[in-house]
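Two complexes are shown next, each including subunit A; its partner changes from subunit B in the first to subunit C in the second.
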Partner chain A sequence: MKFDLSILAKHIPFLLEGAWLTLQACTLAVIGSLVLGLAVGAMRTSASPLLNRLAAVYVDIFRNIPFIVQLFFFYFGLPEIGIYIDAFTTGVVALSIAGGAFTSDVIRSGILAIDPGVIEAAQVSGLKKSTIFRRIILPIALRASIRPLGSVFVNLILTSSILSTITLNELTGSAKIVASNTFRPFEVYFVLLVAYAALTYTVSILIGMLHRHLNRHQAEGAV
Partner chain B sequence: MRYGDFTPFDIVLLLQGLGVSLALFVSTTLIGLVIGTAWAVIRFYRVPVLAQIVAFIAELLKNSPVLVQLFLVFFGLPAFLKINVTPTEAAVITLSGNSAAFIYVIAVSAIESVGRDQIEAARVFGLTRWQILRRVIAPQAAAFAIGPLTGLLVNQLQVTSLISVIGVMDLTKVGNILNLRTLKPFIVWTAVGALYYLTAKLVAYAGGRFEKRLRAHTAWRGL
Partner chain C sequence: MISVSGVRKSFGAATVLNGVDLEIRQGEVVSVLGSSGSGKSTLIRCINGLEKIDAGKITVDNFDVSKPRELSEARKRSGTVFQLFNLYPHMTAVQNVALAPVEVLKVPRKQAEAEARELLKSVGLSDRADAYPSQLSGGQRQRVGICRALAMKPSYLLLDEVTSALDPEMTSEVLSILAKLAKGGTTMVFVTHEIEFARSISTRIAFLDKGTLIADLPTEEFFSDKGMALPRVAQFLSKMRKD
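Moving on to the complex of A and B:
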């Protein structure tokens, strides 16, 4: 069979619709996992052993169980206990929870990398605990962890393709439909693969630029 | 009549699924190790053209969803090349390639972690290129790589769950079947998740043990 991409031309609007859904799901999941990751990261670095333990268990569980199993757990399990939400919401929630585990790890190591002297200086200045966390710890930790956060988010974009298994027609799901309509699976999935690679590659370049920009005042080598 | 209850045979089924997952995990890891290391060696010797191609392929495989790669191999290749690809073959090809891409990155940085001066010293002693690679670089690079490699393998174990989508009878697929039969998603997916979790912990533990052995020569032995 010839490698012919022109047959895809009339399916591009449909694929773009899927891409739009992927974008929505990923944006919401990035926000969700960032919020969750910040909270859990703070718990993991807190002085309370109980919070610490709880957060560690959460991260341990969601990092060591495949995302597709988590997704099925939520997708099939939630209706069982009377919560009826659509596939999109389930997908975003599952992505956020799984992403939150990875994000919290990054944020935790960002917080642990802060020079204790900085925190001590803030403490002797008489700042409140919450102020220290918001104004001193978070800016430093977040700025230093832009790049690792970026790779977590790139992973999130790639993981979002799994949402197609719960009937959500995002980019991969709609490509599946196009492939079965045109009988040209090779061309469709090849284009899809290149599209995902280009997208995530661009995202990681942008993240790298952001990282360098935010850390431009740091010493050479620390960036 | 519906057979909606759990039977003792379900445990056998789950263990069978776990066996399939494990077998695929181990075999694709070994293939991936061989290919990934070979790619890294190609880069180490700076083979013209080939090194660039390898870098490009690895980048493409790392930056695209495994699910799409799986579809490309399972649905795309048979249609394009007019060959038959069974689900298991497609799974082996995809997972090996994906593992290879990530192992390539680890191997490259592991090789680079060995100082240039050591290589120069070895050259001065008249060692051949192969001897340098085998006797000087490999042992040190292996000790360096085992940590990141363990992390990668825990991740790759979870990636194997995706092959259930193309119909390989792995642990996730068994979970899916049990879920559809018994309609008890919480029990089924908790059991599946627990099995994955235990396996991931086992992989991490084995990696830790192996790392200790490889680093034994630098370990603190006491005075």
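Moving on to the complex of A and C:
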């Protein structure tokens, strides 16, 4: 067998469409899981035992079930009880919920790592709880969490390939189609491999830049 | 007036404050002395509501700190400076100082930042106003901490061992600012180990021993025969002077 990428030339627009879909789904899921993770992370560090418990149950459930099972439940299971959601929305929601469980854990440790004295200083100066969360806790926790969040997001991108199992022709899905049409799985999956590596590597680099930018003043060994 | 009456506080089995009564009126500088573990810092933390008291009552200008509604009013009237500075690490000196005036007193941001710069200038930090805490020395951080407390224009300044984490040179730069404030009429509750300094700026000395206030005397009396007549005080002073 000869390794020949040129035979893929006419399939490039189709593959790019798939890549674009992956990009859209991942962007939305990153935002979704971040929002969810912030809310749940805050709940897990709150003084209310009820919120705390609820958040812990959510995290435990979604971290301990294979993503593909969650996805099948949403896409093939829910219609049985009359809930129909299109494949793209299902994919984004499922990725956000699953990602949110991991994101919340990272945010939670970021919050717990904050020097309690800093929060006390904010309390005695009369700031409201919500203001303390918005202006002190969140910015400090996020700065400390950028790198671990990056790993969660990279994982989320890798996991998005599973969306191909619910008829979504994202990058992996469209590659599967091209592979079966051309009978050239070696070349097709080689390209797929490179595409995912490039995508996640770019995200890692961006995360590193963001981390350095946000922490540029903390470098000199703060107290 | 800050009024502390019959205050008790325990952490588990350890009684830290055992029925403390203390009043601080406007214009007074009250230094709270005592050996480590005598409850000095806990007293401050009870006044600003960071610790809940087990019994007794603390009011700041008649606002009861144990009632959540009144606590916020009480906190507006007192400013706290901490031993370990506790600056917001992600904000510049100016932002640290201006945050509470903007968020709590609703001062327009520009005005609050201009006032913050003035305050920082008054403690000799005009050229460090845009630096982050990690870029400042300990003494500079504590001066920012003092400005942050003063920015709320508090009636009372609570100082919790503010020089304990500083070397002698930095200590003197912070103490000279406190001396200036005391001379200017700022009411202060000063928890400290700096005995000679406490003597020079205080109008009164309160002495805590194992959670009990065993002396509450005008400064001259405390350091005269009257204070020395108390065995614990005499022992404490002679030990501190030897060190």
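Heads up, the rule we're going with is that the second predicted complex is superposed on the first by the 218 of 223 C-alpha atoms of A that agree within 3 Å, B and C clash if a C-alpha of one lies under 4 Å from a C-alpha of the other, contacts with A are read in each partner's own complex, and residues count from 1 in each chain.
The working rule: a residue touches a chain if its C-beta (ideal position, glycine included) is under 8 Å from a C-beta of that chain, and two chains touch if they have at least 3 such contacts.
Only a predicted model underlies this, so the values are computations on that prediction, with no experimental measurement involved.
K.L.:
Pick one for A:Gln218: touches subunit B only (first), subunit C only (second), both, or neither.
P.N.:
After superposing on A, A:Gln218 lies in contact with subunit C but is clear of subunit B.
K.L.:
Answer with first, second, both or neither: which of subunit B and subunit C does A:Val118 touch in the superposed model?
P.N.:
A:Val118: touches subunit C, not subunit B.
K.L.:
Scan A:Ile140 for contacts with subunit B and subunit C and give back first, second, both or neither.
P.N.:
In the superposition, A:Ile140 contacts subunit C only.
K.L.:
So, A:Leu127: does it touch subunit B (first), subunit C (second), both, or neither?
P.N.:
second
K.L.:
When both complexes are superposed, which of subunit B and subunit C contacts more residues belonging to subunit A?
P.N.:
When the residues of subunit A touched by each partner are counted, B comes out ahead.
K.L.:
Is A:Lys176 contacted by the first partner subunit B, the second partner subunit C, both or neither?
P.N.:
first
K.L.:
What does subunit A use to touch subunit B in their complex?
P.N.:
Its residues touching subunit B are 1, 3, 61, 63-70, 72-73, 76-77, 80, 154, 158-162, 164-165, 172, 175-176, 179, 183-190, 192-194, 196-197, 200-201, 204.
K.L.:
In the complex formed with subunit A, which residues of subunit B make contact?
P.N.:
59-60, 63-69, 71-72, 75-77, 79-80, 82, 154, 157-162, 164-165, 172, 175-176, 179, 184-186, 189-190, 192-193, 196-197, 200-201
K.L.:
What residues on subunit C touch subunit A, complex-wise?
P.N.:
Answer in residue numbers: 48-50, 72, 75-76, 78-80, 82, 84-90, 99-100, 103-104, 132-135, 141, 148-149, 152.
K.L.:
Report the residues of subunit A in contact with subunit C in the complex, numbered from low to high.
P.N.:
Per the stated touch rule, the residues are 115, 117-118, 120-128, 131, 135-136, 139-140, 143, 217-223.
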